[in-house]
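Structures for review follow.
Here subunit A shows up in two complexes: once beside subunit B, once beside subunit C.
Entry: the complex of A and B
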């Protein structure tokens, strides 16, 4: 039985993705259309980048509930800057807004020792308030085709630019996580923060970097978000945090920290993207889609827990 | 390839005003006030209300969309005009927050409360407490499950979506046209009415609904619209039953490059800009008159305090906004607000 469990833990998610994609291909000719399959890549760009950042946070044993609100606030600021005609300056300003909110999270956690759950909840409210104040409840319109092409609608190597942003972010974060000393330190921090500190790891600095990086990536998410639709709203990305956590958990990241990989998170993102796409094409209603996705998260977590049961007790 | 929007129904206001009168009936119309127009205060009544030094509470379920913002602006402008103090609380879609805000207004002893409920089912107990304190409650968009309200104000949801969809079906002009609905997963009567209006208009024109998808997020709606368009090569039209769905449908159709027509419920700045562009697939949008509703809610509370009888339901008419009349409709729908195409 042991080899079966180990195999399931390692390859169960891959098998699940193959089975679901195969099933949808049989059920729907429209799903298996190559144009549709390529479209899934750009549709998961926002979720994918948020989930990649969230994997780092979860790996370090933390949580970030502010990602959706920070992405929305960055999106609103970027759109206002674009609408004012400041052109390319919108990009660093949008990233800076996200980065500053991330830094605020990090400072609250490191200097005041506020648990990340609370610190990021505070940032959630502040970011939401900032976005609402700046918009006054209005939809911000902007006219910048170059910006939209750069972050979402432009075509490159057969897919839209939003997809390539996801590929770039996922590869860089995978490299950081799996191939650098920084990544190894994050694993150590998430595995046991106290031991990591006793071993001389710069625990505070690592947390500051993780949250600031996550915030800046939410600035990028905000830009892709408004580039896709052509306007910005204060609530544009609210709720993204839960989807990002779900994708990371489906990918096998453990909320306690110390375990998770970028490729598996991307598989989790792909699974959600495929389900969203396939269920819409099959005209499954919203409520049933939610139940199916919720059930899937529970199933994956339970199977993973069962499959890794022996490892944990070993 | 985009098609210039044409409205076969022409300019004008949807027929909801007539519906409001018909619902109440000629005899009933004399007994109770059943339309926004019927609630209008006379100069004498305004002077009377002003002299009483009234304070009204306004609980809004959110202020993050154009409808709610305009509703608040309409109420604020009119409260200043008639000399009523207005206490505005935003629940930001949190039903518990709204309950607390409601109770605080009752404790404060305001002279009347009007609200857009986060959850009409859960607000009933609070309405009962207001009833016990003899505070009149006026609700915009959906009656509470319990408690007595003096009236429920609704937009002409059914008629508005019917008219916009009928305009689109006429522009499509072919039998058995395939239509998709893009909506919002709220279990509210107004949403059901909008969807029924779409179904009836599509059915009357001999079309067929091939997809009904919904979500709360604009980005997710864009995904859904893209998927539905991709999966249905013969799709002729999309009906979007709320503002963010209109934006998403417009963008998805533009990105597809296909000649798919759009009708929508809610006409907000992005929709107006599309119509202004002169190069759009939007045939017609049904616009709720939020500013009028904000004003009429205050007038309703004032009329109740002046002991007039209000009908159980008050319907406010919708506007049918097209490429031909959008500038005129903007001035009616958003009085005093600079059009976005002038920015």
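Entry: the complex of A and C
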């Protein structure tokens, strides 16, 4: 028996990214423009952070359908605070709104044992309701250049600040997941929740932390979102949950829990980002892009299964 | 006294699981804990390991009263448990499984020290004599190997009390011997060991004292040397269990199933077998001999790579379970939870499931019909439950196995393949299942029964076929079979080439 798992599935994803990037570079001069390539990095910032958080949730054997709605609600609250001229207070408030929704998810799941699918669906509706009530269906405008520079538009080491937020979040979550005892416990929880509790792991606390953390990160996503476009809408990040799940699954996370890594989720994010960017440049319309994204998820799952089959007989 | 549980009562919704039960353990002894399934052994030990809180009663450790809010507290106090339900995490390496919750860290806990973790885990495995690479994923291990990981995890934490719940039920012979030598070593280190098992031979070989529980009540504690097998069985079931033998004249019976050179690489390597309608053919063999793989071929789960099969004289080559069922061949798997039963569903739903086609009228199902149908089968098999609307997951192992049998018998199969029909089932229920198996054959079906327990095979079979190295090393009439003779065939090296 070989000690390390055959990494066919890993390589498959890397090869797919390289093939798609290579193909697009040959096909489109606009794509291979360095400015465009750098631009992909900040275009995927929001998806990347959501997918990083979602990987943690999926790893623990749970799901979070509320991320898009929570990010939207935090964005709306943050924009209102900024519009009121409260300045830097907007940041903790935005994170707090996200964190509270996450905590609500966690409490529903831990204290009254609601499946995460249902609990986060509840938060999805509440967050949407809150956002729509606060905006009254209007777009919230605000004027805070420092805020926009800090979270999205500012330049630092050749790329925009949004990109660096993604790098920071991905690194911190990677460290938590792969290099701490907390991460080891999350893998255990996702691998077999019943065993984890029989082994004496603090199962409830772990779930609470994961959902609260995801909520707070959605606060950050909301801020990046409004910093990028300069205004906030109640439906600003709706649909983000599905892209985040797709990226994590393309990266090899399994919805049953226990499997998934941060580098591979980031490859999944990159693949979606490159594809969206390239297809847009090639003038493929948005609806067709959606179909291609769906096909990609199926293809990755099939390749993953195929690679795993090889691994077993190897 | 190292550990004492006294006057423990525990009620679950609808059942009084423990009713004033007690158990005490000395340092440096192996204390066998026996009783039928559902007697409350596992529940009592789950209380000792902090998984359940007792409704009433006291626990003391080293003479001090203690109470555990969760398994972590019990472990901290030195009580470690190897549960029957394996808690090895399939998605983690052996090292991570061994050291879970106490992984080596650097930088004040900020970083896991993977190198140290693998080194420490490997040294634990090596010290205990377990031949495993600490870096492999636990998901790829056999059940026996997982069990050894589980045992190693407990041993590595210098336990004061070690509770082993049916530790040998999935071990091969070599692993079993390793476990027994580990137990001897722990005993010498003054560890108190609680040993839950259904295997009499182990009880008498290993234990210093025996405690028997029945229906949640304490029956007896005694020195092993003052007890014998009939006394224990009487204590457990409250009656004597008959042991008799069968032996039909198979030449008078029609051939139901026949295989020639049946093979599937690498486990099954050319099996010639004849199964008659109306007989019980026992199949013996060591773990890994290919006996389960053989049954899976007959059941249509796996496809053979060579050889032929016939069913009542006709060509038989099922491409999946459904096809086999269509021809009247049913397989009752070893793993009740994995393949046999849908645990959250009711007894009625489970029994009716394979027969739905017959029970439905124009695609619609009348609940009353299912209920009557299930009630009929529950009665025939003696399933003990309030009614057919009880969820299967709440039943004891023996009753679950009866439901599993009922469900397949209800389709009235011509051939029924039983893989470990009494695994994890207590003595009393075993006797009832034996009777059922004989009845199935007497009603005209051909029965093939695989079992690791040789006395069981001798008791239920007409003939016993022994599998070794993927081939049949011998077929013995049950009337002439001895455990020694069967084991000799099972270890047969002549078929190894």
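Brief remarks on what is shown
Basically, the second predicted complex is superposed on the first by the 302 of 314 C-alpha atoms of A that agree within 3 Å, B and C clash if a C-alpha of one lies under 4 Å from a C-alpha of the other, contacts with A are read in each partner's own complex, and residues count from 1 in each chain.
Operating definition for what follows: contacts are C-beta pairs under 8 Å (C-beta built on N, C-alpha and C of every residue); 3 or more make two chains touch, one makes a residue touch a chain.
A quick note: this is a predicted structure, and the numbers were derived from the prediction, not measured.
For the composite obtained by superposing both complexes on subunit A, the positions of subunit B and subunit C are free of clash and fit together. Of the two partner chains placed by superposition, only subunit B is touched by A:137; subunit C is not. Shared-chain residue A:258: touches subunit C; no touch with subunit B.
For subunit A, the partner that touches more of its residues is B, with subunit B and subunit C as the two candidates. Look at A:194: by the touch rule set out above, it reaches subunit C but stays clear of subunit B.
The three-chain arrangement built by superposing both structures on chain A places subunit B and subunit C 130° apart around the Cα centre of subunit A, to the nearest 10.
Within the superposed three-chain model, A:14 lies out of touch with both subunit B and subunit C [touch as defined at top]. Once the two complexes are laid over each other on the shared chain, residue contacts for A:27 go to neither subunit B nor subunit C. Look at A:181: by the touch rule set out above, it reaches subunit C but stays clear of subunit B. After superposing the two complexes on their shared chain, the closest approach between C-alpha atoms of subunit B and subunit C is 28 Å.
Residues of subunit A that touch subunit B in their complex: 28, 30-31, 33, 35-36, 39, 43, 46, 83, 132, 135-139, 141, 153, 225, 228-231, 233-239, 276-277, 280-281, 283, 285-287. Of all the residues in subunit C, the ones that touch subunit A in their complex are 50-51, 70-75, 83, 85-92, 96, 100-101, 103, 105, 109-112, 133, 135-137, 140. On the side of subunit B, the complex with subunit A involves touching residues 63-66, 68-69, 185, 210-220, 222-224, 226-228, 230-232, 244, 247-248, 251, 255, 268-270, 273, 340, 343. Residues 1, 3-5, 179-181, 183-185, 187-188, 190-192, 194-202, 258-259, 312 of subunit A are the ones that touch subunit C when the two sit in their complex.
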